[in-house]
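These are the structures in question, set out in turn.
Next, two complexes with chain A in common: one pairs it with chain B, the other with chain C.
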Partner chain A sequence: MTDQKTQFYFEIKDLSVGFRTFEGIKPVLNIEGLRINRGETYGLVGESGAGKTVLALTILGLLPKPAGMILNGSILFDGVDLLKQSEKQMAEIYRGKRLAMIFQDPMSTLNPVFTVGQQIERVITRQEGLKGEACLKRSLELLDMVKLPDTMNLIDKYPHELSGGQRQRIIIAIALSCGAEFLIADEPTRNLDVTIQAGILKLIDELQRDFKMSVLFIGNNVSLVNIFCRNAGILYRGKLVEEGLSNCVVQNPLHPYTQTLISAIPRSKSEKLKFSKTVIKPEAENGCPYFSRCTIGKENCSMHVPMLREFRTESSAESLNDIQNPVQKAACFYAGGTI
Partner chain B sequence: MNQPLIKVEALKKYFPVRSNHLFKTQKQWVKAVDGIDLEIQSGETIGLVGESGCGKTTLVNVLLRLEDSTEGSIIFDGLDITRVSQKMMRDKVRKNIQIVFQDPFWSLNPRMLVRNVIGEPLSVHQKLSGLALSEKVESLLDMVGLPKDSLYKYPHEFSGGQRQRIAIARALALEPKLVVLDEPTSSIDILSQAQILDLLQQLKEKLGLTYILISHDLSVVHYLSDRIIVMYLGKIVEQGPSEVIFNQPVHPYTQALFNAIPSLSMQNLSELQTIEGNVPSAINPPTGCRFHTRCPRVMPICSEIEPKAIYVDKDHQAACHLLKS
Partner chain C sequence: MTQNSNLLRAIQPAVRELKVTFYLLNRNLLQRISMVIILLLILIAIFAPVIAPYPGHAISDTNPKDKLLPPSRQYLFGTDELGRDLFSRILYGTRISLRTALLAVGLALLIGAPLGAIAGGLGGIADEIIMRLTDIFLSFPPLLLAIAISSFLGPSLENAILAIAISWWPWYTRIIRGQAVSIRERQFVRAARAIGTPLPKIIFSHILPNTLAPVIVQASMDIGGVILTIASLSFLGLGAQPPIPEWGLLISSSRTYFLNAWWYSTFPGIAIFITVMVFNLIGDGIREVLDPRTRKF
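The block that comes next holds the complex of A and B.
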């Protein structure tokens, strides 16, 4: 572990990822910078197809090759560039041990032909070398940790005998079985009921505090990210268009995309939803990725790509005192202007 | 009082389960829908909410007669559709009840052109073909906000939101009276969701439709519904006007369900409530009140006597023992 103050615990620099297609390489992800401090929760919000999952897979080195290509950039984790690690190093040192991931769909993540116990034990045996009694004991501990009842019985059950919430808890147990310090949660509550969703989030939150983990939370629900994460980033077509403290972003969105995203959440019947009439303009090849749907875009938006700029807004100024990095960033030439 | 568009009485749907014993043929039943009474007025939007496994989808399948009911009656337009023949169903009823399915990636045949996807009900029921069919489909596409050149495209050429529009156009092709929306926005992203909700609202006003909306996203239900029905393990626990249910729910289950929705105004995870435990099995539902195993305000009486639905207000009903005292 490095003690350098200037270095961030987790940092993505100029990352660009593309997919090989018949029409040449198509860029899917283009992130100038994304930083997560130790013990911090960062929520990444975006539509489907924005590149959220690709980012998660890239971090873990699970990007399908040779279709997926890392074109540029680096992902620094605790001072080490993950992209430069060999597959063997990733598998032995990082993946599953220091980095863990909870995948999207609890219904299809677990293997249906093995019992829950076998699936947990396999991971522990591989990563920690435990066998027999010790292994069983550890598995039961893990099931306890995720607050599942009747663990002795549960361990011999097959995934189909369990509900979605229980399965997701088991997946969390497996993910954290080897003391991960960095957790990627890719829409962990996507297919779950709201009543169960709250329980799973509270569990992740508690474990995050207990283990002092950093969490990269990927979601498409802005209000969920707002509640769960300290910082939030908004991803649009593979680019980070806005970033900041999550309640600043929600209360005072700067980028027109974030503004539409937040106004698109139905709140109550009395409140009429605001729809920016989507006038689909032609794509701007060299310009802002949001240009084709933007309502305030001017000519120069189609010529240049806006970079993330720092803004000091009133809501961020209030919380300035206790936070190191209070600025809100947005990638728009006309950010902050009202639609 | 007007005649309700659809009237459901004591509707039950049980599914048989095979027992594990080789020689014992004791039959067990999953009581997916267990005695539901319901009236839907023409022009209303009914929101059906509840956790997965509470019987929402089964109820709708029975209403559409995709499944035959075990007991009870469904009177639609003066006709008991649980008893009529399949031919009668097809000739008289089907064109009046249509459904928009959950996942537009599965509900559209990938090998059919949009013209045929939307046009199929028209060619079956109204015997349209050729130019007349194309024109009708074009006007339907226009109604749901899709460009006319979509006619000769395949479903894979569209995004999730656009596909859902195609599914809506197909459902509306025969000018039905009742449209069932089964999680219409759960598999599309939030921006398209807002547009689809807006479209559904507009179409309802324009065409005078009646909707039954199923969703676990309560904000969606709140946005569209006039009346909300909360189900738990095959029974209705509370029903009433949308605003009342959202603002003053009386049943503990409804209260817990609504406190679990994240909203933009929440700051902290602790503001989200959880309901302990899982939904009990529908094979052996708990005795008495079905929610008593998870209810935060459980009383001794709850495990013994099943609460009856009580009118809290003019059209607000709930089934809970707490209401008597």
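The block that comes next holds the complex of A and C.
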């Protein structure tokens, strides 16, 4: 029984995170379940403010204190509840060693007063105990690994002398310097232009294959997630509203939010962009988080919170054989036309 | 060989930055003059025994037959009541003023900077305790506190340095704390934590170096202020003791002869004035260099 539970490499159970405000504790994240297998990529999509970054920080135990609070739930990583680990244990065992994170804004993730080399070497010295020549050699190896040219010259530059793409590659190099098994990539391509985005994604993809890492990829672009990740989850106002194989989610969205999200992708010049006017209804205090913007919601949507339900649709046929994720899930009473 | 190249690699970027700073400082005429004068002051301080025509007059020798002579070819700045050459004494005074100012500011930084980084980096109770402590120190007028401390410790140059450091450190703590609070929330600090950097290391090797720019400006301007304070303390008899040729002390002992020997108080006064001014100017210049928004191109 317990074996069955721990077979998931990474699992979030009933996680609920809130922020303390002067009006009391405001819940910002409510995730019933999220599972990632070893070596799998999971894409989490959501609009800004949905709680994507809060989730990433919660996993690493870096929620801003004292405002951020974990109200409930557990995050199991390789059988260990990360939320029960002390700050010291997190710093010594998990952060940087087993869990790594790439942050969203490459422009501000490197310390501006040190050269790239100093920053990489510091991490290597601490984590691997290398010094001097060996340390320099290892740093150059890492920069090679992320496919940066002219590493010998680059290593003595300050972050402000580098472009966004170069910086993001360096950040990836630092994050992966210690052979992490689980990578959280929080919008790694934000603030980068499209060609560089492609390069960075390709790099993360290759590294994921080479090192057989599990990746939690956070983004606000469904198409990117579809290309890059096996599974996808759609986060809306702190709740998972849809989950499934990423191409199923994209091709056959079940939740009305996902449907709007996907129809918002511009396809071609001939097709005129349509922005449907959203009728903003009053918020449903105890109901579906999407109620106020939903076009198909009925009265009962404002009374009960829909849970994630399993659906079997045509395009999810392929995934039916998969034991871990047999179906597509959506949290809506009227999802996919079935009730 | 490899050791050498490693060292070279470590200092190379810093040298490059230093060159840029130097270039930027050099473009402004006023700052260029200040830099030259500071360099000159440093050279004077180092080579005082060589330059001074009467090195013996600096400390112990007396020469009563030439007392209170006006400036002449023999005594460039005139002589004092014991017939000592003022020019030599002022040259030696440069040595004392620069050394005490550097020591006092350095000591104040040594106390103030880590405390500020801890307060800003940790926040919470540590922040509260440290900042209230600085409030206590800052509620005394600075000169008065220095006077109180040095009269409590007993009048000597070393005690005056200590007194100034003690009354000066809260300023640095405040500046650094203010910077540290905003830097703590920056992405790179979060990223450093995400790869497992322990908290003390984050405070001292990520936050502290990023707070230094405004402190360097403040410290370089404070060198002038500290020279002035040391001179004031010596003037009041709480700093350097005779026969040390400290500028403030020179002015203090000139009071008696003020009406008859104008040169006695004027030249040490000019020395203080020039030194304080060039350090203020260079502080301004450094601020411009460090803050690109005030850079003039």
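By definition in this document, the second predicted complex is superposed on the first by the 318 of 339 C-alpha atoms of A that agree within 3 Å, B and C clash if a C-alpha of one lies under 4 Å from a C-alpha of the other, contacts with A are read in each partner's own complex, and residues count from 1 in each chain.
Methods note: contacts are C-beta pairs under 8 Å (C-beta built on N, C-alpha and C of every residue); 3 or more make two chains touch, one makes a residue touch a chain.
Since the structure is predicted, the reported quantities are computational estimates derived from the model, not experimental observations.
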{"item": "First, second, both or neither for A:S139, with chain B first and chain C second", "value": "neither"}
{"item": "Contacts of A:V113 with chain B and chain C, given as first, second, both or neither", "value": "second"}
{"item": "Touching partner for A:V222 - first (chain B), second (chain C), both, neither", "value": "first"}
{"item": "Partner chain(s) touched by A:L62 [first = chain B, second = chain C, both, neither]", "value": "second"}
{"item": "First (chain B), second (chain C), both or neither touched by A:A175", "value": "second"}
{"item": "First (chain B), second (chain C), both or neither touched by A:Y94", "value": "second"}
{"item": "Partner chain in contact with A:N30 - chain B first, chain C second, else both or neither", "value": "neither"}
{"item": "Set intersection of chain A contacts, chain C complex versus chain B complex", "value": "none"}
{"item": "Residues of chain B touching chain A in the complex", "value": "51-52, 160, 188-191, 193-195, 197-198, 216-220, 222-223, 242-243, 246, 256-257, 260-264, 266-269, 271-275, 278-279"}
{"item": "Touch list for chain A against partner chain B, complex", "value": "47-49, 163-166, 193-199, 201-202, 205, 220-224, 226-228, 247, 250, 260-269, 273, 275, 278"}
{"item": "Chain A residues touching chain C - in the complex, by the definition given at the top", "value": "57, 60, 62, 91-92, 94-97, 100-101, 103, 105, 108-115, 117, 122-123, 126-127, 132-133, 136, 156-158, 171, 174-175, 178"}
{"item": "Residue ranges of chain C in contact with chain A within the complex", "value": "2-3, 6, 9, 12-13, 186-188, 190-199, 201, 205-206, 209-210, 212"}
